[in-house]
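Each of the next two complexes has subunit A plus one more chain, namely subunit B in the first and subunit C in the second.
Moving on, here comes the complex of A and B:
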């Protein structure tokens, strides 16, 4: 009888161990490292309390990267939402043929690694070697500095990230759309509702839980973005596409300042945690998790 | 008969067991610099044959991940036994002092060996200041200017082979290349602060003065950056390399740029069949006030934490010994970081490679950044002391500000003022934290 009481814990143990070893332990260790000044030459670290945290706020560099990350999320999340919802509507529309093939086609970008995505888009957008600019040259048009102008580079990344992520969220939306009872649409048709009215008064409200999930996941994904800008733009031009995670990477592995990088990571963790809690709170109010 | 066979088999297994149990494994963290992997593998095989009790486990890490992987290993308390590195400075507190093993391996006193071996002053510096030998300079790369012979012929330009071009002559040749339509761009220039600073030294500038103050924003520095920026403004260099993230070599390789400012480490790759489909050559670096050719040795170092310091030291000393280093340099077209070999010269055993190396070495010997004879300002900037630590730690700021000047968000003077103020601030922080 006593053993039965422990069975759930035994089943939980493997997952919990992984969580403990790979998430909690490095997290605690990271927090400890953030309290130390780690010399460039890997010598003896010196305890400095919260000095690393203070030095983050003394210079604007990390905060700029953080603000840039927020701005990026603010642009990319609605874009992903619109793209993936639009694709899901198309993929569930009775008038579209060969849906299975198209679904695979649209889903493919989300299985590519960030590095491959970045290389593909470099071949498309590069100023001298890119497909688009070569096409412009053939058409007698001027080359566009997609990755050389700070604004263009930033917007290019918004589109690339949306392209890469929309397929995955499309699948989630398709599941959401397919779970909407058909009776609602039939009743609306009897009442003479147009396609647009059916979308705004039935589809969108019924997709609220799915929408919240998509927004939460895409926000987290966009704020953690690292590989695509790292390979495609190297964080440039200037620092226009250097996001928070890349800033942490540069501090740790280029400036070799592990203490400061750990402090930045911890601040990032707190920011992500706050956003996560806020979003879950909103989703609870929307009865999403009820 | 059967019994004898069984006994012999058991004996053989026992001997093998004893042999293997006595074999030690040394982990060697390595990054490739051109097509050198088969060469290092064959040298390791040679060493293992000579020392059956030692196995070298080569960890080949891509260069782009190298600093991250190595620093993570060190921070995690599991550094390799041996590593290839671009510099000793970052590892000075964890590097193994091999001085106690030098005499027994080489038969020379440590002082004698340091003097004979060191083709570059960094090893002498560490020995003079700390009485330690923390790493051995292995081979060296020198900055080099490659050119596409076909495109030069098309533009009707003769590349200099002995006397360097002045900046003005170089620029006018670049204009001629672009205007003649021989190539879209005249020059592709690698995006690193080290590569750019060759222009700084040619202009007579420096990053730090003898009082430890960053003076990169002096008139010489501004002249170097203004000249560099002007080449972009005239569309002679592709912006995509510096403002974007496109590798400089791709422009040269595809015939889009006629000249490539890089270094000797590119020679083995260029000599490989199929890398480029045109005839290429090398020319002396251009000069402004000064004929400066920058070099930089790669070092091999051991780590204090190794269980086998003697074997680590012996492998390092063997790998950088004259006969082995000669093999290495001959196969890769490298410049040895060994004083005696530099004096004697190396026959690369290949007429094409010999002629290319001849131009580079002649230029190097004429320049002020000569091997074993670096001027104090260059050493301060990159090799020794806190000034070098700041340059090597915060060089991304210099790259970023050069990009700011190229993209027009800062003037060259503003860009270098920003670098100077940032570097000086970091120096002040370093001094405060080390008190």
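Moving on, here comes the complex of A and C:
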């Protein structure tokens, strides 16, 4: 009988050992490393206090990457919002046929990996062999440097991420739309409301909680984005598509400056934490898949 | 009359969007069957009926692609089994026992969501290095297996199961492990199924994790191999296209077969 007191701890032990060793301990270690000037081997590291943080603010390249990440989110989030809400409206419209099959197709890009997404779009946008430029050549038009011009590359990534994420958020919006009581629409119809009025005065306000959820989740996803730009543009041309996470990766594993990269990580952590707290405040027990 | 115009418009719009959405995938798949003299032709040949399996045969037989596939399969399957096992156990403890520190542990677990790999990749690299887990299957399999999302999903599901089931079994003298094994597990098939397909998707699609853990080419997963090879200066597209298609197949098949569970899983996570 006494033994039973320990049972829950035993059940929790495997998962929590992994959390402790591979998430919580590294979280603390990361902060410690950020106070050191560390060579790759972690051997003769020198304590430098907050100097790494100071050098982040002195040399602007990480702040540039962070700013670029914010700008990217600022463009991606509304795009995803419009795409996914639009798709969800179509996929719940009584006039559209074969919706359950179509939904699957629209959702499909969301289950593909970032690497595959990058390759699919490389094959569309590539300067020499991409479909669009081939099409332009055939039509006698000038080729466009989709991935070779800083602005084009940045905007291409906005569209690619929106393409990759919209199906997932469409599913969330569909759930939101289906939970709106039908009586509201019936009452509005009796009052002679147009489709547009029904949308602005019923659908949109009733979707407020869903919308907030979609905005927060897509903000987090876009700020954590790593694999698509890493594979598609390598952060280039120049640093035009080097976002915060890739900057950390490059600093740590290419420039081999673990201390500085850890300081960058910690700043990034504070940014994510702020968004996370916001998310938690908005939706209690906020917890989402994928 | 007005209604049918609207209906035609919406349907046409839907199919235009579907075309735009789906064309990039379609074009990649189609191109993977085109011979390389067509892929690199100048002026470009967009419409060509020359299709061949040659690229696939070359991709599969030259180079280590089958090995990468095998690595991905090993990692995906073992990590998923581990994820389901430890999430079920932890979720069961958090849902069905009242114990000292239970709440703290639950919130600690949720708080680890604030430490995604993107933020702790450097210390994780150091920890794995110290444990000699870099360039090993264990390093690929064990650390990502514990996911707060998985435990949360299980806990939410088990909370809704009636406690009487467990109390009656205790009166009958069943041990706690037996209750977990013979009562809880069989009743949990829906949540196990959801967790399994999500875990398969996460692990198969993972890129950043293997990128940090693996530098030995013999241990590359499919995603890592594709990502590394496409970063080279001259991309061998006739080899890369079929590999990309092959690497999509498992996840697309799982998705099509279990799409209801996918969508249910997203609902379970988001509409609470």
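Here, the second predicted complex is superposed on the first by the 251 of 290 C-alpha atoms of A that agree within 3 Å, B and C clash if a C-alpha of one lies under 4 Å from a C-alpha of the other, contacts with A are read in each partner's own complex, and residues count from 1 in each chain.
The rule is short, and it goes like this: contacts are C-beta pairs under 8 Å (C-beta built on N, C-alpha and C of every residue); 3 or more make two chains touch, one makes a residue touch a chain.
Since we're looking at a predicted model, the values are computed, not measured.
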item: Partner chain(s) touched by A:37 [first = subunit B, second = subunit C, both, neither]; value: first
item: Partner chain(s) touched by A:184 [first = subunit B, second = subunit C, both, neither]; value: neither
item: Partner chain(s) touched by A:255 [first = subunit B, second = subunit C, both, neither]; value: first
item: Touched partner set for A:111, first subunit B, second subunit C, both or neither; value: second
item: Touching partner for A:234 - first (subunit B), second (subunit C), both, neither; value: both
item: Partner chain(s) touched by A:63 [first = subunit B, second = subunit C, both, neither]; value: neither
item: Touched subunit A residues, subunit B compared with subunit C; value: C
item: Partner chain in contact with A:129 - subunit B first, subunit C second, else both or neither; value: both
item: First, second, both or neither for A:144, with subunit B first and subunit C second; value: neither
item: Overlap of the subunit B and subunit C footprints on subunit A, listed as residue numbers; value: 42, 122, 129, 231, 234, 249, 252-253, 258
item: Subunit B contact footprint on subunit A (complex, rising order); value: 37-44, 46, 122, 126-129, 145, 147-148, 231-234, 236-239, 249-250, 252-258
item: Touching residues (chain side subunit A, partner subunit C) in the complex; value: 4-5, 7-9, 11-12, 14-16, 18-19, 21-27, 29-30, 33, 42, 87, 90, 93, 95-97, 102, 104-109, 111-116, 118-124, 129, 131, 134-135, 137-138, 163, 168, 171-172, 175-176, 179, 195, 213, 224, 226-227, 230-231, 234, 245, 248-249, 252-253, 258, 261-262, 265, 268-269, 272-273, 276, 283, 285, 287-290
item: Subunit B to subunit A touching residues, read off their complex; value: 67-68, 71, 74-75, 89-94, 184, 238-240, 243-246, 250-251, 254, 256, 389, 393-394, 396, 400, 403-404, 407, 409, 433
item: Interfacial residue positions of subunit C with respect to subunit A in the complex; value: 3, 6-7, 10-11, 13-14, 17-18, 21-22, 24-25, 27-28, 31, 39-40, 43-44, 46, 85-87, 89-90, 92-94, 97, 99, 102, 105, 108-110, 112-116, 118-127, 129, 142-143, 145-146, 148-149, 151-153, 176, 180, 198, 201-202, 204-208, 212, 223, 226-227, 230-231, 235, 237, 240-241, 244, 247-248, 251-252, 255-256, 259, 262-263, 265-272
